[in-house]
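Next come the structures, one after another.
In what comes next, chain A is part of two complexes: it sits with chain B in the first one and with chain C in the second one.
Our next item is the complex of A and B:
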């Protein structure tokens, strides 16, 4: 009996997953535990392992398809084993026609392929196959009908048909929005231009997977939350000294090297505890003030960015924070983070101090309400007691959601953070 | 100083259409016309010629009826009454224009307007000078007959379309210099009145701008009516000789001969009327005023339409331009679209065309297919004892209707069916599929379209 491949449920809140890339194709032999395909959730892209060894007999969905969790997305089995043509159908037994079961859409793979090619929603297509299964012809007929429903001149329809232009995507310039030949020709020219630019040396990449998730989340944050960014310069002399003294001790104890990130995280966590207005989330009409401090740490990974979360950062010592941050960062780079390690953050730190970045305006990671952007530490002349001296200075920028808090509490938090880093022994209080 | 949102200079089909549209869209509109309302079209062009061509048609029909066994007795006609009817038609239409302008509250000024770059206009009215100011100005001053320079021309009395429609005296013979649209229409009028007509055309055929088969068809018909047609011929000299005029004509083979006629009509084209516009120093496009696709001239806020800007020099095009210019003068941003412009010649038989010819379509890179359907195979045409053809040009692979030419009775009305299909972007399949009444001349369009499927 063939083994089902199902859309995994990767987190308590996950309801659907997006198919990324199939790493194996139909007919390939796979080993149990071998990476089979990539699934994107709203937070990460994750590899799904083959549940069994055998031949990948069937894949029902392609890249970009959104599938509910636990839905069958394919089968692994013996060569020649018969599996259903559509994921909702039960196994064909002899000549028996598959019985309709639930409200799932039944369509032949050819129909699904045609639907993808023509941009048709299968739910809008009436099937004429056995037991109402949607066949390729049904998709094409529905597409034709849709083409005609859109108001277009006969000539425009004809040109669109020959040139594979979907009239529903064309903006009509004629009377009452009717699509004319000029509109279709403009669409053809645009299509040609797009494909020509693809042929040239300019590389293009489809926005999908993690890139798409980042794009959506950042746009949503930037365009809905009114951002205000406060900036302060922090004298890191004492923090530098602290790190120098603690580094060998922590390295010996945990095997991980202490970096400024952990010191800043510790300071931020303590400051958040003292300034709960900043450790908050907006949910509908309510502001939730969190009683725990879970700090997300932005980690760059190939083609993207993930934010693993350090739970209860305020209650952890620098050794524990160092071990945890380093472990999370490695898991992030190896794409091994599980959704649980990526959720629940109440605040985020984004440290670009390893680059020649002095300061930047970070975008809040929703549903959090504030984010700390950290620049590099470098020596700058500063006035101390009436004379100019060189001090290792670091710029910290705090972006906050003005719907949730105002400038005063945010400023108080940033001041607190500055004091904690300039006089790190205060963290012992 | 009186101030108007829009001032239109010229009261022909371009000008009054512009004024009426502007009156709908803007607050106040002025129209300045030095002559009678209606311009060339109504007074000395389309309308008088069509009225007289109706007479010619009836005369021809009476002749034809004899072959069917219908005798009317000796045919006589009164040129005075015919002219009077023509004038009644003109007056009625002119009154109509005046009434519509009045009902839309367009201020009409009688007199020559002189347009200044600051969009003030000095009007030389019979009562004296008046000056008005306008937000936008639409120039629609039209055209006048083009007079070629021919030796001796300044010493002879010749007609243009400005004068010929008012002569009650019917000459024995008439030479028409120019075998274009105006020349052939007047040849039909005068030949039906038993005048010996000679057409002298410099090109190698009459109607050189039209479809060649249509031109040949008309050539044969005119020849049958005893109209002499000299193509490739030019008039070298004109001289008053007794009561008539003697023309020295160089023919296609280079031979020079003398030709004596009672009257001469010069119909070699029309030249724009630029009077009152010199101060504007408008950018020109050859003889004509240059405009962009929004009908804007080189001077800000000044538009130009109609014969003044050249193009096909047709009344209905001038009206369409007038409406676009008026919309733009009132703050819109419309473009003039010349893709579907019917062209009609009201000869006997009529010739009508729209779109582009087979040749032009090939030049523009279309894969072209053409169908020609003779009216000799059309029941209604046979019943009428008429002839002609319908020719349709389509582009592959879409079956797009690129153009059509028709020759025959009523084709100037029938052409609008093709225009409508083109305007609404129908293809040859729809043109072939539509049900038409039987019997009808217009069935020929369906037959021609069907032969292209």
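Our next item is the complex of A and C:
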């Protein structure tokens, strides 16, 4: 009996998941525990492991499809095992056909040739020959069925048939995604170009997975929340000294090296506690003032960005924050973050201080209402007590959602943050 | 066009050659007054005299040696071996001498010899007079092997065999001797190595030899009538040289191949044809396993019912095709 693959419930609040990329295709052999596909939640993409070993017999959904959790999205089983044509359907009754148990598919050379020509996967074809052998006409029938499942105009179908274009691979631009002649001709042209040019001059990559999520979330935030960005310069002399003294102690205690990120996070957390207007979210007609301070930390990962959340950052010491931030960052880079580690933030810090960036206008990470952008620390001439001296200066930029708060409370928060970082012993209060 | 029997067509081919070419003569056991075991040479003694229609002692070893010698010295002998089973006694002369001489003398000597010999079962001659041993001859480089199935083909192929400068083994199926068909009166030649599509079809190719061509055609008729299966029947006509191209082309069209011969299936020509197809570009067109039908690995029984059961019959071919198309 084939093993069901279900949309996993990756977080307490997860109700649907978006199919990202299938890392295996139908007909591929998979091992239990091997990455099978990527699921995109509203926060991240995550790899889902194969629940069993066998042949990936069926995948019901493609990239971008949104599927409720626990719904069957595919099957793994033995070659030739019959699985329903659609996720809701039940197993076809009776005529169990014995298939070779060695994992091979019983198909004639002509059927294999036809499958190659039509780009069909033999594992998805039902054989009607002796002993369930897949014959050429079975492949052609399955191909026809596939072609018909896809909505396409008769003309598009005809052209696709003539040019061996798999309609399932064509993106439809017509009404409700119907494939038109233009779509098929574009696909033919693309196919031809791909085969003629060998290598194309321009690299393209489909916007999908994490890239797509970031794009959607950032657009949504930037175009819905009226952003205001406040900027201040912070003298980091005392913070530099603090780090110098605490670094060996914390390293000895935790094995992790204290960085400015944790010091800034600690200061921001304390400032947020004092300025609840900034530690808020807009939900419908209501502004929610959070009684806890969960700070998200933007971490760059290959191909994108994730924001793991440090819970109750205001109540944690620098040693604990260091260990937690470093661990989350490593998990992010190794793509091991779970949705629970990515949700529940009330504020976000984005630190670009490792680059030659002085200041920037960060985009709020919804549903939060404010985000702190941190630039590099470098020595600048500043006026102190009537004379010009060099001080390690850092620019902090606070973007806030003007629907939730106004300039004054945001300014007060930023001022608080500046004072805490310039006189870090205040954090002991 | 006039209808004559297979046997008459062979006689006519020989007689017409002997009338025009004084080098051609026939020899064999009882071929003179008696007209041969099956009457193929009836009346030829009267027309050509005992010098050119030579009755020989009952020694295939001797007469095959004499025939090879005659061919080497410039004659074009036709040797009749009364039953193809007796070829075993002539084997050294055929395999080690006739087949090798042209090659070993660098083409300076040649053996333009035709050995005509009746083969096959179905006439109640039992185990020692009913075999189909053509695959042995196919295996030997230097020999050509002909297996006609119709009077027309028999006449044309025999002329081509006589005209050929290499030893040719010419198998005549006993059950075909009385089979009638249209045959032109004038001499004509059918090149060795050209198959004939006896019936066109698109669902399955049957390659059949000798008597099996007729059984395959009968089966094809029935399959079309009862199952709507359109069978293509190919008669290779010569096993060496074999017209591979026609077979491969047909299999590419139909995607299915059944090979039928009377000879024992094990080690038979069917395995060779199946392999040729599997090795060819037709492989990717195969939509079913290749099926061989051949004789059972038993001596041909004397009991007429068992004799029938020992080799493929029309119903065997029908059943094989139906199974192949999953219509059984």
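To be clear about the criterion, the second predicted complex is superposed on the first by the 323 of 429 C-alpha atoms of A that agree within 3 Å, B and C clash if a C-alpha of one lies under 4 Å from a C-alpha of the other, contacts with A are read in each partner's own complex, and residues count from 1 in each chain.
Here is the rule we use: a residue touches a chain if its C-beta (ideal position, glycine included) is under 8 Å from a C-beta of that chain, and two chains touch if they have at least 3 such contacts.
From a predicted model like this one, the values you see are computed outputs, not experimental measurements.
Trainee: A:84 contacts which: chain B (first), chain C (second), both, neither?
Mentor: Neither: A:84 stays clear of chain B and chain C.
Trainee: Just checking: does A:128 make contact with chain B only, chain C only, both, or neither of them? Give me first, second, both or neither.
Mentor: So A:128 only meets chain C here.
Trainee: Touch check for A:51: first (chain B), second (chain C), both, or neither?
Mentor: neither
Trainee: Check the residue A:136 against both partner chains and state whether it touches chain B (first), chain C (second), both, or neither.
Mentor: second
Trainee: Tell me which touches more residues of chain A here: chain C or chain B.
Mentor: On the superposition, C touches more of the residues of chain A.
Trainee: May I ask you to decide whether A:154 touches chain B, chain C, both, or neither, giving the answer as first, second, both or neither?
Mentor: First partner only.
Trainee: Thinking of the overlay built on chain A, is A:180 touched by chain B (first), by chain C (second), by both, or by neither?
Mentor: So A:180 only meets chain B here.
Trainee: Of the partners chain B and chain C, which touch A:113 in the superposed model: first, second, both, neither?
Mentor: second
Trainee: Quick check on the complex: what are the chain A residues that touch chain C?
Mentor: These residues of chain A touch chain C: 108-113, 128-130, 133, 135-137.
Trainee: Using the touch definition up top, name the residues of chain A that touch chain B in the complex.
Mentor: Going by the criterion above, the answer is residues 153-156, 158-159, 162, 180-181.
Trainee: Quick check: in the complex, which residue numbers of chain C touch chain A?
Mentor: These residues of chain C touch chain A: 255, 283-289, 323, 326.
Trainee: Can you name the residues of chain B that touch chain A in the complex?
Mentor: 397-400, 424-427, 429-430
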